[in-house]
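Comments concern the structure below.
Every chain is named by a letter (A, B and C) in the order it is written, and numbering of its residues begins at 1.
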Amino acid sequence: MPQMPGLIKGLGVTAKTAGRTLFPKRGWKTLIPAPQQGAVTVQYPHEKEAPPDRARGVIALHEENCTACMLCSRSCPDWCIYIEGHKVKAPPRRAGGKARTVNKLDRFDIDYALCMYCGICVEVCPFDALFWSPEYEYSEPRIADLLHDKDRLGEWMETVPDFEDYESGSEQKVRKVPR
Amino acid sequence: MTATSDQAQRAYVAAQAADARVNVELDTGDMTLNIGPQHPATHGTLRIACQLDGEQVIMAEPIMGYMHRGYEKLCEVRTYPQCTTLINRIDWLGSFANEVPFILAAEQLMEVEAPPRAQWIRTILFELSRIANLALFLGDMGVQVGALTPVFFAFRDRERVLNQIEAATGGRFHPNFDRIGGLKDDLPKGWIDETRAVMAKMRGFCDEMEDLLVGNEIFQTRCRGVGVIPADVALGYGLSGANLRASGVDWDLRRDANPGLAWNEIDWRVWTHPDGDSFARYWVRLQETREATYMVEKLLDGLPGGPIMAKVPRIIKVPAGEAYVSTENPLGEMGYYVVSKGDLGPFRVKIRTPSFNNISIVPWVMKGVYVPDVITILGSLYFILGDIDR
Amino acid sequence: MNELLALVYWQETAIKLGVALAVIPTTSLILVYLFLFKMMAFMQSRLGPNDTGPYGSLQLIAEAIKFLQKEDIHPSQADRRVFRMAPVVVLASTFLLYVVLPAGPDAIVENLDTGIFYAMAVSSLSVLGILMAGWASANKYALLGGLRAAGQLIAYELPLILAVMGVVIQAGTLNLQGIVVAQATGEIFGWGAIGHPFILTQFVGLFIFLIAAQAELTQTPFDMPVAETELVGGFHIEYTGFRFLLFFMAEFGTAFAFSALASVMFLGGWWIPGFDVDDNILNILGPGVMLGKILLIAFLIFWVRFTYPRLREDQLQKFAWKFLIPLSLVNIVLTGVFKVVF
């Protein structure tokens, strides 16, 4: 014959959760039902949760720093970064010096339909041209629109948050985001 | 044998004998039932082909491979950082724990040791993955036996752990945070206090599960004595993790074969249970979740300062050699056998996954159980399809 | 009622039938919305549907329209005629149950003298429908579900009826209106202000009735026939669209009907203290009072449904035969003894 206590405790847990969801207010307002506030779910299109700053939402490109060295494109596990560039002759740094050849970026596309959001490209870039941004609302009805070109990647730079401080005990230096 | 009392044993045998007599008189036929690749109870696309006699299983055979993604082959043509990204996805619930043995094997080949702060943070994230993984199990076992509500609590409270992992690594499910020689980045400010608060809430969650499921008489009736796996059988089939500990075997790789993370620096205990039944497996995992919350707090207390990355070259070429490292992942013992020929990427990676061995016991343990018990046992063995099929 | 409006018999019957037919989907709608959508959601820390209509109240109507516009398919191996008749049989037993539910002194479709006996008899028709669904679906999961249902529902008919016997002995009549009158006019140790709701003396009977009702409705912890994580839907796995809607409505309509029977037999039905049993005003207030009591009992049924895991078939049968039936027999014996002695 089943003993009551375990079963009753279970009922108590669900009733308590229902109570907390329905009547989350404290103090004298306790009995006013406010399930919108008490539920743990976020009603997505109407309310949005802010992801943490480090969340890997989308990759932004700071074009001035990019030298088309192809390191990111080579290290992508899915090979989803397409880079094309050409060399131009730039004026010498000092008067009377030799003209330098500089890489000019023609095309820098990231195909977010393939991207695994691993961050290897951001990490290997030696010139700090790629940054993570926590933006995530860029889904498209057509897959082809998920190929973000240079300009769109540049627009994402505005959403890149500044690097945050580290915990105490850390010896890392906080980097700066070029604006 | 195991814990079921003598009287219960005799009653069970008598019931079986009575059933056998009825079956002889009625001469019924068998039915083949596919607890098929699409089924809400097999966590993913696993197919169990059962031969049923009425509601009793005569023979059950797991057929896997529906989710084979070819990880070992993929790793042959990727570099080490790229491999790390891929293997995150093997056991997708215990996210960070997948990367650790692979990185440790590569570090062993390179003869590089990560600095202490990196090892401690690795351990903290490892235990957080364990909590996230096991919290889902605690709720999911309820769904397998019919209680629809605990799994919502599991998702709700597991979300907090995932938020912490995301705050540190940038990804909830696929952190991709471990690097040869250390970690990618250090912890952000305020993370330690938030994690402490989350650990307290997870203990509240464990208490709720104890009230809702462990103490529930119906749950106990469903799970006690169901799917008993004696210790020698468990060892023979290569079970690992909580399944082994629930059969009474005191074996935990974190304590017995520590590959270098910070488990030896704090004190914690290994939970075992003498019965080998489904209830024992649930109970052991519940205690392990609680223990993991305490471990995380102790690790956070003792976290040393320092660098988080050892001196490694920018382009990593692992010297030739072979190394095998296995760790106590949330699902069991996960190991990577890395063969390197001195290239940018491994020559061959053999992944020893816990769930593959865990479900090899299915034909043995399912003999003579009822169909509902099949689901209970599958739920209590706790496998992830990505882990079985890689 | 006949003093207010001079109606011919067929007009009266037509009105009663019309009201009953309109009430059944409405009641399942109320129960589904309040308990399945909202209460389950609050117990799981989430909001249920809240977009369609104010606070999601029109969700079931949207779902009904969705079910209605689906393609009417059936498995190729299925026995077509039986497959199509099965949900109708189950729903028919629900409709037949509503014939005897009283909502006021005269607000009843047909005041049968064998009220509760008829209700019990008709509610067991659904077993037939479920078996038909399980067999005709040509699906092994459905077959398992149907056979489990047969065993379970027949096993739990007995405690249901035996629990009701205690009430019948105490009220002295099978007629449902008579049971309400007996509770309204009864007295507790000479104090007649709140009548004598049978829950006070028949609490064991109510306990057994609720458990047996839970099993009759195939709700967790007795939902082996529809064990979602094992049989993915059990006997109604192959039903989609309109036919599934019939099963769904039947499940919640029967839940409403059983809660109504429980509130009539144990909580005093449509009577509230302060009114005479023959008051005409109770014909208007009665439905509201009944609704309140029904929601209370349905709350208990669904609260248990959302909290507990399910029992295995053999444990379920053991529970019915070895625990509930002896308990209900003891209840009847004690009730009879007390009735004669006091």
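In this text, a contact is a pair of C-beta atoms (placed from the backbone, for glycine too) under 8 Å apart; a residue touches a chain by one contact, two chains touch by 3 or more.
On a predicted model such as this, the values are computed, not experimentally measured, just so you know.
Ranked by how close its mean Cα position lies to the mean of all protein Cα atoms, the top chain is B.
Averaging C-alpha coordinates per chain and comparing to chain C, the farthest chain turns out to be A. As a whole-number value, the distance joining the C-alpha centres of chain A and chain C reads 53 Å. Taking each chain's centre as the mean of its C-alpha atoms, chain B lies 43 Å from chain C. Centroids built from CA atoms put chain B at 29 Å from chain A. For chain B, the set of residues touching two or more other chains reads 149, 153, 156, 212-213, 216, 218.
Multi-chain contact residues of chain C (touching two or more other chains): 43-46, 306-308.
Multi-chain contact residues, meaning those touching two or more other chains, occur in chain A at positions 7, 10, 13-14, 17, 40.
Interface of chain B with chain A (complex): residues 78-79, 81-82, 85-86, 117, 149, 153, 156, 159, 163, 166-171, 174, 176, 184-192, 208, 211-213, 215-218, 220, 303-308. Residues 2-3, 5-7, 9-10, 12-14, 17, 40, 51-56, 75, 77, 116-120, 123-124, 132, 164-172 of chain A are the ones that touch chain B when the two sit in their complex. For chain C in complex with chain B, the residues that touch the partner chain are 40, 43-46, 140-141, 144, 148, 220-221, 223-224, 227-230, 232, 306-315. Contacts from chain C toward chain A in the complex involve residues 39, 41-47, 50, 303-304, 306-308, 323.
Across the complex, chain B meets chain C through its residues 31, 33, 39-41, 55, 142-149, 152-153, 156, 212-213, 216, 218-219, 221-222, 370-375.
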